[in-house]
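The letters A, B, C and D name the chains in turn, as written, and every chain counts its residues from 1.
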Amino acid sequence: MNAPTAPACDGFVLTLSCADQPGIVHAVAGALLEARCNIIDSQQYGNPDTGTFFMRVAVETAMTFTLLREHLDAVAAEFELNWQLHRAGAPVRTLILASKAAHCINDLLFLQRSGTLPIEIPAIVSNHRDLEPLAQFYSIPFYYIPVTLETKAQAEAALMELVEALDVELVVLARYMQVLSDELCKSLPGRVINIHHSFLPSFKGAKPYHQAHARGVKIIGATAHYVTAALDEGPIIEQEVIRVDHGHSVEKFVAMGRAVEARTLAQAVQWHAEHRVLLDGTRTVVFD
Amino acid sequence: MNAPTAPACDGFVLTLSCADQPGIVHAVAGALLEARCNIIDSQQYGNPDTGTFFMRVAVETAMTFTLLREHLDAVAAEFELNWQLHRAGAPVRTLILASKAAHCINDLLFLQRSGTLPIEIPAIVSNHRDLEPLAQFYSIPFYYIPVTLETKAQAEAALMELVEALDVELVVLARYMQVLSDELCKSLPGRVINIHHSFLPSFKGAKPYHQAHARGVKIIGATAHYVTAALDEGPIIEQEVIRVDHGHSVEKFVAMGRAVEARTLAQAVQWHAEHRVLLDGTRTVVFD
Amino acid sequence: MNAPTAPACDGFVLTLSCADQPGIVHAVAGALLEARCNIIDSQQYGNPDTGTFFMRVAVETAMTFTLLREHLDAVAAEFELNWQLHRAGAPVRTLILASKAAHCINDLLFLQRSGTLPIEIPAIVSNHRDLEPLAQFYSIPFYYIPVTLETKAQAEAALMELVEALDVELVVLARYMQVLSDELCKSLPGRVINIHHSFLPSFKGAKPYHQAHARGVKIIGATAHYVTAALDEGPIIEQEVIRVDHGHSVEKFVAMGRAVEARTLAQAVQWHAEHRVLLDGTRTVVFD
Amino acid sequence: MNAPTAPACDGFVLTLSCADQPGIVHAVAGALLEARCNIIDSQQYGNPDTGTFFMRVAVETAMTFTLLREHLDAVAAEFELNWQLHRAGAPVRTLILASKAAHCINDLLFLQRSGTLPIEIPAIVSNHRDLEPLAQFYSIPFYYIPVTLETKAQAEAALMELVEALDVELVVLARYMQVLSDELCKSLPGRVINIHHSFLPSFKGAKPYHQAHARGVKIIGATAHYVTAALDEGPIIEQEVIRVDHGHSVEKFVAMGRAVEARTLAQAVQWHAEHRVLLDGTRTVVFD
């Protein structure tokens, strides 16, 4: 499979949040109008509890990225926007971390190569060698960084070096079976996505399918979330579920769950890479 | 059950469509800003195939309904808007037509009385007397208008008289087992919602559950749509499905389907009454 | 709405559990064959973890209930069956407890009257008077039993009296906002069904929608379970979910959740009343 | 990725259908008991419309496959069973046909290699060369058999030769963009599974996502079915759906649909390979 030709990158995506106040939409729309932007898509949300306003606008314009950025500075300053401008469709540089399980990374690689996920993957990192052939098939550099109690700090340092050297914007934990240190979590806020194999907040921690089976639930699920220092407590991006019944063993739960995990993670990465996810404290705003 | 007190009606909902063109959002946002409107919610969509732009904005303002309407006239004229201004939460006057089956109307009545559906029901019309006690329980006038081949025209005339006399804005066919005449359909465009007991366009016409059972499908569904002269071809507002298996009889399909029909119709009525559904040719835009 | 004529009760449902061992199915099938039973439906499950075998068989026969019971005694004794024989379709005598919220009880009453739920409802009990008109509409005796900290023991005594006097087989807590005492729970094992308005084990206890909203989940749900002394820990019968997003307020969660609660509870009651739910320790076997 | 070690094949799966009549279950259970079979799982279904009885029993026994087959001959003859005995978990020899689209075959190959799908894949056939690298990665022989109007008969002959030479039990059309001839369909009844990219019977034939988009449906789906001479009319094995909205373009429908197609097909192949699907005229019985 060859990568499809990248779509012509003639558009931009503006995301912003700020204190809610009259005139924001009018001001932003006015600034975009001045820049002769054609609005392709626009979504907004005001959180009444926190008084925060969120907006995502996709536009097309003949103006360059740099000029548009400068042009928007004035309105950004006036409304004290927390804002970012992105080239639409520009692939987000994504580092994938995995261990032995292949189901999540296999989907991510396939969807990236198919053109569904607007990411590029400069490297795959694993604490095991099992996934190296898969990385080779997709011609992606594979870094084997084993982790033991003794080498954990050293391994994380190597990881951060890669993140910097490769200009990584997003880190995806595709069933990476190591807990990241608080320090690492804090140094990449809103830039690390994990997949937890339960319908959080049910069944945090280890062996969630075993916990779910013991409890006798009738539906299991998976949760993709941003990683924070508090384990399995980060802002949720996406959740998916699947129905189970008494006849399913724990092993069947695990097998059924793999498909749910893979597509929940892929969906979260897609939304993130399309700049559809904005952080709202411990929650997320998803403009899907 | 008593009706809950109506919420304070201090807001308005503006819906509009027009030819897509630069500056619409800026102009509308500007006009609303001038009217000191606080934007509570705003959604927009441009159909790239037809070049039509759609928008729904919910606002709060101290301005009166009439003044706001007048104030918006200028921008409406400039952009040739097809637009409507509604009082937020003001109940939509809804006539319910039903026959013998009670499941859809029972849900509508309950949800209306609970305050979930922002409608008021000045009358229930049926071609049978079975549902009269239910109407009485909810203290809603019940009109028995039987329909035979000979009296159909007369019955429809009586129906239209009620629509006018009662200032009816929306007609809901809650498993009303009569096909409306083309004439009637055309006189109430976008104002009649029907529930079809199949996942359209599968199984149009009569006995859809029997058709579905014979075909051996694994999922059945229901479709709420606006009524047009072409039977079961009107713009779809909402669809819902439920999983079935080989062990379910046709009768079981029917029983399972009732719950799906009821909630699909209720959802469509709710969205319509909240002014979230805009017609886009043979399709709908639903700002949910 | 009048109750439909009860279906001719010419069938029986046998449910059983026992230690798993060779020959059970052959023996049971043999005993049923001798009784000239026509097997309409049969399902079985062996729990490999506990070594327990479960079976549900629906049959038709000319033999009377009493004779069939006696006839099955031999095989029951041989395999030390924990077993029950039921008349198929015979309505299960069900006491409904509710407080002020009407959504769950409204569905139960409607589905009972429509013939979907094979239950009969000799009484409704509530600690408030709000639901009395609804009970009257369905011509069901309504008992107002208020509960305060001081009168709780007395109220539960009155409740148990009703259970006995009315020959109640099943108690359904249809959003009854009182926690039953351990004693009451223990005296009706596997005979009290509760609806919890969250996807257990997430968000146990009070205000689960508020908890869910604060956590920023993307899916909410409801759980119908048998009541045990441990709050919200009883064996789960059924769970249902619905997708939410960042734009939904807590109040919207509550409103959306009502529909999910009502249908989850109704499904659980239906399966129980059709003798499809067997207890397997802290889990349930559901032969749907 | 290496194939996991095959599980010890100590079990058997018996599937059967016959005219419904008293004593079948007892007789089959008796025959299995004599063979000292431990019943692991058993499911049955009697179709009341056609009077046909279906059964699937999974057993463990020390008896060999051949001996058990012989042992069951007597009961099979007595009840005129249409029956098959399978080694539990023995991989079903499966030929995959595909064209250019990789999403379905990629999932099948991954799931097979992961041990989820109990199939082995002696060859992949395609009328294009695009998927050859993927076949090589999984070390599966790839046969390029181009098809034109002139060479169609010849291509199908080559296909049938492969089916025979490779001892193929199941043919899977994983988005293979050629319609099989009636002759080929008839020569492999119940042994060819196709994935159609719509929720059948909606949108038969070409470009179903375009049809669905034009109709304005709110849910799209995929259908896995056995191939018969009548296009898109074969017995349905599995269907899955996904919600769409007005904002989704046809291209987005196509992209979203790929995931649904892949998992619907994989599920159907899994059930078939686990001998859970029995043909019931134009419908299927699925003992999942």
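One rule holds in what follows: a contact is a pair of C-beta atoms (placed from the backbone, for glycine too) under 8 Å apart; a residue touches a chain by one contact, two chains touch by 3 or more.
In UniProt terms, the chains line up like this: A, B, C, D = Formyltetrahydrofolate deformylase.
Quick caveat: nothing in here was measured; it's all calculated off a predicted structure.
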| item | value |
| --- | --- |
| Interface sides of chain A and chain C: same vs different residues, half threshold | same |
| Rounded Å distance between chain A and chain D, as computed from the means of their C-alpha atoms | 35 |
| Approximate Å spacing (C-alpha centroids) for the pair chain A, chain C | 42 |
| Numbers and ranges of chain C residues touching at least 2 other chains | 41, 45, 247 |
| Pairwise touch network: line, ring, star, complete, or other | complete |
| Interfacial residue positions of chain B with respect to chain C in the complex | 1, 41, 102-103, 106, 110, 114, 116, 130-131, 133-134, 137, 247, 255, 258-259, 263 |
| In the complex with chain A, residue positions of chain B that touch it | 22-23, 25-26, 29-30, 32-33, 36, 38-46 |
| Residues of chain C that touch chain A when the two form their complex | 45, 47-48, 199-203, 214-219, 221, 235-241, 245-247, 249, 280, 282-286, 288 |
